[in-house]
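Got some structures for you, see below.
What follows is chain A paired twice: with chain B in the first complex and chain C in the second.
For the complex of A and B:
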């Protein structure tokens, strides 16, 4: 930490922007400016503006870099808005674009984002819509027609206090968020009312993203323990159900603890559970 | 902002778990969470952590004129505040009920029990007495505020030192801390509140409820006791009917708990005393572990895993009604497979799908092994026969949930 703090202090004191490439996987603080690779040549080591004359100045290959969460575009540079580690992903596939930069930060408060799948709790039924609490600043609205197979005569069986798994179709800072339980083809695809038993608990957003990566080890190990059903909401809520209450509690505690454990500790715990 | 509503599923789960004598964090019914007491650099400042519930206590004193009808006694003033950082539901205008209740209970516990000798706070009778002010701030709400607040209050009072005063005839000299060491307050005993939460109309009882348990409880019984087994305050809220022997049992449990907590407090006070005398470092900064980003550490909860013995195959072999297995996956065309019922499949042969339904109902181990070996990223799940299991291959990283039957008519019949 001391090393990082020294670097951060130096950059803030100097006021110079650093190249994003040099800061990858390090802690960045809000307010820092980052230079993209193509601009590093211009801000050379001298910094006083001495540059070699170019005959065709201005014609530089423009690469499209995606600015992920925690970063904002500020002129030609990236401005850091959240503290955390800077990450970069290479552009895959047919070489299009310039990759993605983002900041991995710890957060428990959820902000609705369009397309996110979340677990909500129905708080009110008013006329044609349900009000669903998703953990954001406002409850989201869910129309009763947004379920698979629902028509005006055929209403879905949703009570106040039920759990709903759905995705956002409208989520921005100006409007009330709206969610639906069907996808663009009209099929439920796993969304809808979540069954009766089971336990709902809350974790940080970072843990959810970690658990939802492809080939997540934690989930594979948990799956080997005993049969279970599990739903992850991007708003930090997890619903879990196993055969007995004891098993459900064990699962909930393991998932909550996974955040603070190293891989070795986790393997130990799993092996102990598998034996007993 | 509004409190997050409690879903039906959580409420049901918690009540069922309590009936089976299981708590969310693995405690027993009479167990307290870990209590951690840390002191600040000033005398009279402490933070008490009861699990994740955190209360900051600060004691200060001032020379004032006494009340008219109590000319020879000092003044005690208690104030508990629910900070907005404790829970999203605490807003400046919105907390009045809970706040009033907690403050009132604290006052009764500490003032009416006469744990502090107010006569000793008198400097000049009728003119100058000490006013001791205890400010408590709730920093994080994870249930059982009253216990944490009472511990913080009494610890802060025991830790506090007031400036020394000497009276010679008409002359009163107030010494600064540099001239003479400050003097501790004279405390007779340490009253500590113990909370009991009741569920299902008084059938089940839990000590030290956490936030989830408080949401589903029917009533709360708070007993304030000291280590000499004297009850200082007793309060029952929530309107449940308690039997006489229940209350007696609770008071016995409270006696045991108060002894343990009092020992802990004594130890903490002694440690702090020792560190200060030896000239070591003290204060909040020393008690925070450095080189760690997370503020809360998960304590190792002793989880009883004695029930978790059978392997998956044995569970399936027992074939209890709610947990039946999926049938073999049927490959319709390359790239399209179906497991179980589903909505009507319009791509494959109709006769094949009818044959499928005959196959279901058996619970074979081979099938379960098949589905585990399948190279999908789902966690294996067992559903009831009626409910279709949907493989969400199209979603990148979603997990499968159990859906109620597609046909709404069936749902109504089940209910």
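For the complex of A and C:
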């Protein structure tokens, strides 16, 4: 890591923006400017960003690049705002834009994003709305009609202190976030009040994203260990329930610790637990 | 970013030997930084410059009281606690300087009506405290994932009685100017 940081510091000292393509999967620091592929031709040897005049103006094809978390548009370039590794995803389908760039950063504090599935704790009931704490800067609001099969006569059985698994329908920086427990067809689809018992604990956001990747090894190994129910919230909260309290605590400790363990250490721990 | 990040910019050959004169090319003391050492704050960092050490914790973007909220950007608060005693006027002025620096760099417009709090605790003071506080605050903000438009740092400079510039002075070097008849200047340089 020290070697990578030295390289990053050198390029920052040079004052020249680097091409995004050359920095993929490397650590980038806030304040760095990245060039998109279409601007690299302009930054030729000794070029100061001046583009050569072309006689046929229609030749340059403009590619639309999506700027993900950790990056902001700054003129024609991308400005890095968070520390982390730069990632890129190719455009899927037939020529749909120029792909997505984003910074994989590690955080503990959650910021609500539309469409994210999160675990919230009901903190207050006021009139027709529940106030749900999702770990962000303000509590989200959840209408009592936003449950499957709920009508004005048939209210859902939600008390203060209950755990709710839902998704955001409104989540931007200017408005209070709103969540619902039904999908666009009106079905619960696994959302709603989370049942009795179990344990809720908090982990970093990066670990949640790692555990939710398809074919995650950690999850497959944990599943072979004990029969369990598990719910992941994108706000860093995990709810887990096993047959006995001891098994639940073991699972919670494993999931919290697996962020800092290598694959070998994890296999050792799992084999030891499977024996006992 | 978790883990230890140790940047070893040891330009002095002997670290800790404060009585011997430094190399004429102006050098800094050995400095080191560790991130993510506290479990409660969203971001934390410990910055060490020679024997001066400051611990910083960042909470945010979090809830803010209605009286303190700003409608279009985040409210930034800096709290500096000295090693002994209650915080006084000197701490308040340092807090203000650190807050102005952080406000210039943090993209507060992305999180309106929230608060970002930086808490700094002086663990040991052996000269150039303000620069160490600034560096610790920057590393803690980076660890918390607060969006920033640049990184910032600080270095304390001192002019001794002969007029030579000393970077990163120790407590003794900061004090010895007051005894001399010549004017002794001290300031913190900020670089982006």
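Just so it is clear, the second predicted complex is superposed on the first by the 265 of 276 C-alpha atoms of A that agree within 3 Å, B and C clash if a C-alpha of one lies under 4 Å from a C-alpha of the other, contacts with A are read in each partner's own complex, and residues count from 1 in each chain.
Assume contacts are C-beta pairs under 8 Å (C-beta built on N, C-alpha and C of every residue); 3 or more make two chains touch, one makes a residue touch a chain.
Quick caveat: nothing in here was measured; it's all calculated off a predicted structure.
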| item | value |
| --- | --- |
| Which of chain B and chain C A:37 touches, first, second, both or neither | neither |
| First, second, both or neither for A:106, with chain B first and chain C second | both |
| Which superposed partner A:173 touches (first chain B, second chain C, both, neither) | second |
| Which superposed partner A:252 touches (first chain B, second chain C, both, neither) | first |
| First, second, both or neither for A:260, with chain B first and chain C second | both |
| Which of chain B and chain C A:81 touches, first, second, both or neither | second |
| First (chain B), second (chain C), both or neither touched by A:156 | first |
| Comparing the two partners chain B and chain C, which touches a greater set of residues in chain A | B |
| Partner chain in contact with A:137 - chain B first, chain C second, else both or neither | both |
| Interface residues of chain A shared between complexes with chain B and chain C | 1, 106, 137, 260 |
| Complex contact set, residues of chain A against chain B | 1, 106, 117, 121, 123, 133, 135, 137, 148-149, 154-157, 159, 161-163, 165, 187-190, 192-200, 212-215, 219, 222-223, 225-232, 239, 241, 243-250, 252-253, 256-257, 259-261, 272-273, 276 |
| Residue ranges of chain A in contact with chain C within the complex | 1-2, 5, 29-31, 70, 72, 79, 81-84, 105-109, 111, 136-138, 173-174, 260 |
| Residue ranges of chain C in contact with chain A within the complex | 1-3, 5-8, 42-43, 60-64, 107, 110-115, 142, 144-145, 147-151, 192 |
| Chain A-touching residues of chain B, taken from the complex the two chains share | 1-2, 4-13, 16-17, 20, 22, 24-26, 291, 293-294, 297-298, 301, 303-309, 312, 315, 323, 343, 372, 377, 379-383, 390, 392, 394-404, 406, 408, 411-412, 415 |
